[in-house]
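All remarks here apply to the structure that follows.
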Amino acid sequence: MEPVTNNESSVVVNKQNTVTKGQSPWAIARRKFVRNIPAMLGLVFLLFITFVSMFAQYITVPLEDVQKVNLSQMAKEPSSEFLFGTDKAGRDVFQRLLYGGKVSLTLAFTITFCISVIGTLVGATAGFFGGRIDNILMRFTDFILTFPFLIFVIVLSSIFQGSGIMTLIVVISLLSWGGLARLVRSKILAEKENEYTLSAISIGCSPFKVITKHLLPNVMSTIIVQATLLLAVMIVVETGLSFLGFGVSSSTPTWGNMLQEARSPDVLSKKWWIWIPPAAVITLTILSINFVGEGLKDAFNPKSSR
Amino acid sequence: MTKLKHSNGAPVLEIKDLKTGFRIGGKYYNAVDGVSFSVKPKQVIGIVGESGCGKSVMSLSIMGLLPKENGKIVNGEILFQERDLAKLKDKEINKVRGKDIGMIFQEPMTSLNPVFTIGFQIQEALLNHTDLTKKEARLKSIALLKSVGISRPEKIVDEYPHQLSGGMRQRVMIAIAIACQPKILIADEPTTALDVTVQAQILELLKEIQEVNDMSVLLITHDLGVVAEMCDEVIVMYAGRIVEKTDVDTLFHDPKHPYTKLLMGAIPKMDEEVEELSTIKGIVPSLINMPEVGCRFADRCPQATAECKTITPQLAEVTPGHDVSCLLYDVSYPREGVKVN
Amino acid sequence: SGGANEEPAEEKPEETTGEETTEEEATDEPVAGGVATYAFTQPFKGVLDFAFYEGQDDSLALSFMSEALLATGDDLLPEANVATWEFNEDQTQLTFKIQPGVKWHDGDELKAEDMEFAWYVIADKDYPGTRFTNVSMIKGAQAYKDGTADKIEGITVVDDYTITVTVEEAVVNLLDNIWTYPMHKDHYAGIAVADMIDSPQVRQNPMGFGPFKVKNIVPGEMIEFERFDDYWQGPALLDGVVYKVIDPALASGLLESGEVDIMEAPSDQYPDIKELPNLNLFEEPSLGYSYIGFDFGRYDAEAGKVVSDNPKFQDKALRHAMAHALDRQGILDGFSNGLGQLLNVPLPSVSWAKIPDDQINSYEYDPAKAKEILAEAGYVDKDGDGFVEDPKGEKFTVNFDAMSSTSTAEPRAQYILQNWKDVGIDARLNGGALKDFNLFYDSIDADDPTFETFNGAWGLATDPDPSGIWLSTDKWNMMRWANEKSDELIKAGVKFPEDTSKDVLEHRKEIYYEWQKLVNDELPSIFMFQPLDVYAANKRLQNVDANAFTVQKDVHLWWIKE
Amino acid sequence: MSQAVKEKDILLEVKNLKTHYPIKGGFFRRQIGAVKAVDGISFEINKGETLGLVGESGCGKSTAGRTILRLLEPTEGQIIFEGRDITNLRGTSLRKIRQDFQMVFQDPYASLNPTMMVGHLVSEPIRNYTKRSEKDLQEEVMELLTKVGLPRDAYYKYPHEFSGGQRQRIGIARALALRPKLIIADEPVSALDVSVQSQVLNLLKELQDEFELTFLFIAHDLSVVKHMSDRIGVMYLGGLVELADKGSLYSEPLHPYTQALISAIPEPDPRKKKDRIILEGDVPSPINPPSGCTFHPRCRHAMPECQTVIPSLKEVKPGHRVACHLYN
Amino acid sequence: MLIYTLRRLLGMIPLLFLISVVCFSLAKLMPGDALTGKVDPLNSSPEYIDEMREKMGWNDPIHEQYLSWVGGILQGNFGDSFNHKMPVMELIGSRLPNTIFLALFALLITYVLAFVMGRYAGRHPYSIGDYAISFYNYLGLAIPSFVAALVAIWIFSFQLGWVPATGSIGIGVEPGTLDFYLSKLKHTLLPAIVLGAFATASYTQFLRNDMIESSRKDYVRTARAKGTKEGTIFNKHILRNSLIPIVTLIGFDFASLVGGAVITETIFTYPGIGYLFVESITARDYSVVLAITLMLTIFTLIGNLLADILLGLVDPRIRLE
């Protein structure tokens, strides 16, 4: 019988001096997560797609060759030579998919990371200190949140067009940390009510220590879950923007740029192999991210039993 | 106050060998494990025991309110007016709930629906079981509020739960429970969340209502003081089983079960000075760690012998009206040095 | 398309039988009735007067309801429409004679004063449109615009049907340039010029004397036209026409389903549309071309002319090599479905002034030759990185820019770079990305130093005069290419021959041939190709014909065969 | 243990302490009022004694405790610790003084950071104030854990692996880690079952003897307070209404509120009959406390002057202070 | 409540001011203007372009341009669209109803679907129906709206021909007639479904989970103890509590739907605000871009306010002051 989180059950009264280590909440969450089949499948898929994308150059040909237009093999159907066929410029869809994944995923991961950092920083500071600091930070967050996101990204990306994906990352990150900051703040406010915060202060922890050692680990699960969902959103944002022509420059392969080809009905109807793979990969990726997110949420939820 | 009204009428409610289980990881574990007792008309029965000993589960079993996902009555009968409540369908038991048996819960703060007015929530009980019109029901609910000691009931009917204090909410809960003048009121720790002075008010109210309505009351609590004050008969539970059952006076002045004795010694008394309170070592075993055979208290019992772990004691009458479930008093296992008083 | 992305203004359909013959023509007798749907792929603005409109979106709609005094023939020469014209001796006076009995949609007769009114509106100081260049040659028009005169000196209304204009200076292409769309004076009575563009007279009840009149306008979405029974060439056969805006992506589907009867087919859907059995296709070379320009220098605003001071592309051999390196036919076939024809001079193939191809260099795709030329010019790979160094031995890279307008823009740019790399030129996409239309032209305007070669497109006029973009004084000389010889020829091309007996057309032809040879040889930009416009019409729609600039020819003769 | 207390050995003195929570509102979100959670209380705690503080929920016990620890800013009044006014300490000096008083919290579930190992939880206060080798620390913490009745390997476990009573022991160990002079225990047993409660109470008493601790023991259960304390203060609506030795408080409660409170406690003996004083109504809101004596609207003995004059806490008998006009 | 609303409205003023500054600066930072690349020797001339730029004030110092712009707005004048040659307000006024109609329609679909499915799944958790709904939800969350739009067009317009794929109104219908409204409905159906049906997922999931959670609440037990029927318990006690958070999001949603319609409108060439915006960005039609941005910002602000007020109205526990 395995130890249950039920408070009364698993107290190990150890008479000998052997040291048995306890299970941290993280370890418990990990165990719960590992048992969640959809979440694990999602994670495996996500890791797989990330891995093959990140190592695209070792798996297939170098980027320059992938980008090479080949007029003699345009829009070829999938075959043994071209796993997913070729696009209208004669480029191997499969190879582009890998490189596209590299850019799309890097973008999504980086943006998510930036958002998480900014959002956490702002949210935690505002929530912990309260008062004037909170007021100022939250007004600023409101300000950011008021911008119609898509509209502003479009405007900004037409200002900074061509200056690479770095700018896109900065632009999107700066525009979208507001929600997370609010969430973190409210979580911190709630956690602050818990007596352990008072207890930390009363044993002489500095505010910095209270935030980093006591509050953040407790809101971390929320942040992680939220970041996972954000990751999915960011993939949609990248693909959507690129689809509209306001995202990553079309000279770089990304899933969104690949999908853009489907705007031509000819491709949409007759050359399914050009757009179905990116569409499917996008959908599957988001699906698996959502599964992972759901799994994490479940794993972190002390009430859930799995 | 406790006029020991041992009325000799037929029991209103009779529980026979009730076993209620919860599914944990695919297996059922009994949180209530073979409980039998009966409630006579106008009797106030107290049920005491530590947290987790199955008091609430038992009361929920009677009301058919066990969580559907993982809880069910495994065995036993709950006889009420010649019907076995344990076997009734949802629809049928719905007609009993709130009408013949009322119930109030521990948490007055969360037991009322925050988005409906007080009036609505009382009327609902009335409309469920009577043919009153809405208007009549409203008037009745105002009367009910008044009867549970709420001043300005005309105003309170239209207020929302969050506008009331804990004590007032518990009064509202009582009003709901007695709306249809039930035969039995089950009160699951009705005052645990309240302050002593408010507790005193509520207990006073309960007594009054019990008398006026001629109800039987099943009062669940872990506060021995409340039991002493309110009850005619007391049932002490431990880990899903009844360990001792007797009238209130006997229990407090002549407790038999070691658990009961320890429990009594653990509470500081107002008028006595003790340097050290008695303690019970260890904790209640959790459902899944429950020993299969033997006395469930054996692990913590200072008087336990080896047999206690192998022989399951039965609840048996030791002296008239005093049932104990302990090998110490079981005549079929006489031992040396057993002090039977 | 980019560059002069607006369609040239002289798109008046007129009565000539097209040389285009499509499959089986209708054998039956025309039947009146029915409504045809003409689709366009961008929302129209609804500025429904030729004097004010700006884009093709409105001009296509206008073509159903408005006409000009003159029209343009399939050979791109002016023709009479509702008026004939006459020049005086020294070619400084032009007289229009309007055919009597031409009715506006409100029943009033078209009069000379309507033409006069149009010129006055355009020359007005409050006129917000772009057409002043089309009246500026009239004597006194500038003065009127500046407010120094209250009449335009050069305009004389002789009688109701006759009007004469005097021009400042005789030019050979006056007829091509002068504004000939009348505006119904009474229709605009009481409206200040500044307010006209927003007035209901333009927006809701536009006025013309074409075969159809407006019945209903859904802004930005569609215009319903109904037959105008008093049309001067007799009532149209169709009951009406619907001008409808659709998503380009859906063109082929809508054509297939018959929801759209006729439209210019988006080139990317050509393969699809070609396959549709219910359509007739009309393929016409359009008035425009794409090119890759070299950056020769900058525009000196103070001096008002371009200065070709960028040393990079001064070597003609380099330019020739880069042209030979390009697989233009491949690009055309690969990215434009082969819809176009290569060209080597900036004149439309249908123009009378176009030099025959055998007299000029056609710059075939020949990488070997390109490498040869490069090597001769001193561009050789000295450090063995696979790319040539310049004659001084320094690293040689070429930046390339293109607009991100269509979905094929990216692979096309990629392919062009590949072509150049194949002959050893280290060509790169400037900044790693395509630029949107605005940034592209902003950078050119600002003489962005990173701009070295760029893929643009131009619209072509019916008249061959290349001034406006090819003179060294033109601000729109995007290559910043200054060449004295070229300037001379361009200026001579619009002058009347000194030998007055010489045929003006022949005279100009000679000059333009010479200019084309020069440009073809100097190659300030690599001329890519002239696109082919494809018009698709449902087979039920009869009497449809197209030329280089329109499919809306003789719309009053269209009819529907069920 | 209280025998050893020398009369004038005052550890902590609280003078006219007030803590108000501001209420914001109105158009400009100005402060429009205050929750007068603690409204002028004065008492002192002698070295080595246990002062109990009882009162109903919301009467300001926790607020008082927290204010004394300077976890909340006092609105008014003075807190004097070992003769030193600590009311206005800030920053480092405040952190320094915190070594000397510690707190045991009510909710054993919420007061331990669930993400930290017990060993770290308990050693954290030491880490905050001293530099010690990891090994020493571990030894010390394990020692401490055994002191409070936990196994040594609890060090490596997480709070969720313990029962409520055990968690409360962890909390106590943590409070003891710095060997503080004063421990404020804020309802340390109210969330526990009787059997467990008695364990914790016994433990606290033991520890008090062993470490010569001074306690401010807050609870709403009068019998528990009485069991634990030498002297007891009774709070009502932010004010201290009575302060006396536990013996005299129980045998001879003076304030009508204290009398009602004591009589409300159900006696675990059915044979004892008491005259129950049932209070009318609810405790008024601390935002708008009644004028004069805050208890007057519910008081059986209310006199006209109770409505206007605020009674002050006066010593009416040796060691027995009460704030009531009846004893003027 | 009134005071609360007023205070919130007042609080918007500085925010709006800041946002207008940001918007304006951004618009001016975009490369090119409405006249860029209008290179057409036949129709235009460099002189004309210079003259127009001067006339439009595009050569003035930026703060002066800003002041005159803001000055105009304060008088209700957002300037003229350069591209459409008409006052911006009129232009937006002609497109806004379409977008609002689309947004409301989508909102209706979202809420109805979410309500029906969420209620079912919440009442019958872990049933086959629940799993089917979950499956739909996961797909809904994973398929980006533009992919859905493309597929929907292909299937419903091209293959099945049920609904038109573009525009907002059919040919030859008189405004005001029944046909007119039917035609509008038909045109809006597909984009609304794509916009609405795919937004459903998160709400459905939310409603379901909240209902399951609510059904474990103490007050539900109380209701059962009163003898209330199961149906009533779900439809009244549980649903009422679970709907509150969703319903109050309507205001917020509406604002974000209007702003988020960019992609959908563009794909469906649905002449609404989103499409106009993309069009105007490409054409650098500043006055329109600015007006739309500002308008959507105000929508967002009002939406947020509305959400809060709604919450205060439906949830008796929350009092706004």
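Going in written order, the chains are labelled A, B, C, D and E, and every chain counts its residues from 1.
In this section, a residue touches a chain if its C-beta (ideal position, glycine included) is under 8 Å from a C-beta of that chain, and two chains touch if they have at least 3 such contacts.
Predicted model, so just to flag it, every value in this text is computed and none were measured.
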Review point. So which chains count as neighbours of both chain A and chain B?
Key: D, E
Exercise for review: Taking each chain's centre as the mean of its C-alpha atoms, give the chain farthest from chain D.
Suggested key: C
Point to revise | A-E or B-E, whichever has more C-beta pairs in contact | key: A-E
Practice item. Compute the distance, rounded to whole Å, between the mean C-alpha positions of chain D and chain E. Key: 55
**Study point:** Whole-Å gap between the CA centroids of chain B and chain D
**Key:** 32
Check your understanding: Using the average of all C-alpha atoms in each chain as its centre, how far is it in Å between chain A and chain C?
Key -> 49
Point to revise | Centre distance in Å when chain B and chain C are each reduced to the mean of their C-alpha atoms | key: 93
Check your understanding: Can you list the chain A residues in contact with two or more other chains?
Key -> 8, 11, 158, 161, 263, 265, 268-269
Review point. Mind pulling the chain D residues that touch 2 or more other chains?
Key: 163
Point to revise | Residues of chain E touching at least two other chains | key: 30-31, 158, 267
Study note, to complete from the structure: Residue positions on chain A within touch of chain D in the complex are 3, 5, 7-8, 10-15, 17-26, 28, 194-196, 198-206, 209, 213-214, 217-218, 220, 302
Point to revise | Interfacial residue positions of chain A with respect to chain C in the complex | key: 67-69, 71, 74, 87-91, 158, 161-164, 245, 249-252, 257, 260-261, 263-266, 268-270
**Study point:** In the complex, chain E residues that touch chain C
**Key:** 30-33, 36-46, 48, 83-87, 94-95, 153, 157-158, 161, 164-169, 171-172, 267-269, 271, 279, 282, 284
Revision key, fill the gap. The chain D residues in contact with chain A across the complex are 66, 69, 71, 95-96, 98-99, 102-103, 105-107, 110-118, 124-125, 128-129, 151-153, 155-158, 160-164, 166, 171, 174, 177-178
Exercise for review: Quick one: which bits of chain B touch chain D in the complex? Just the residue numbers, please.
Suggested key: 1-2, 50-51, 151, 165-168, 195-201, 203-204, 222-229, 248-249, 252-253, 262-271, 274-280, 283
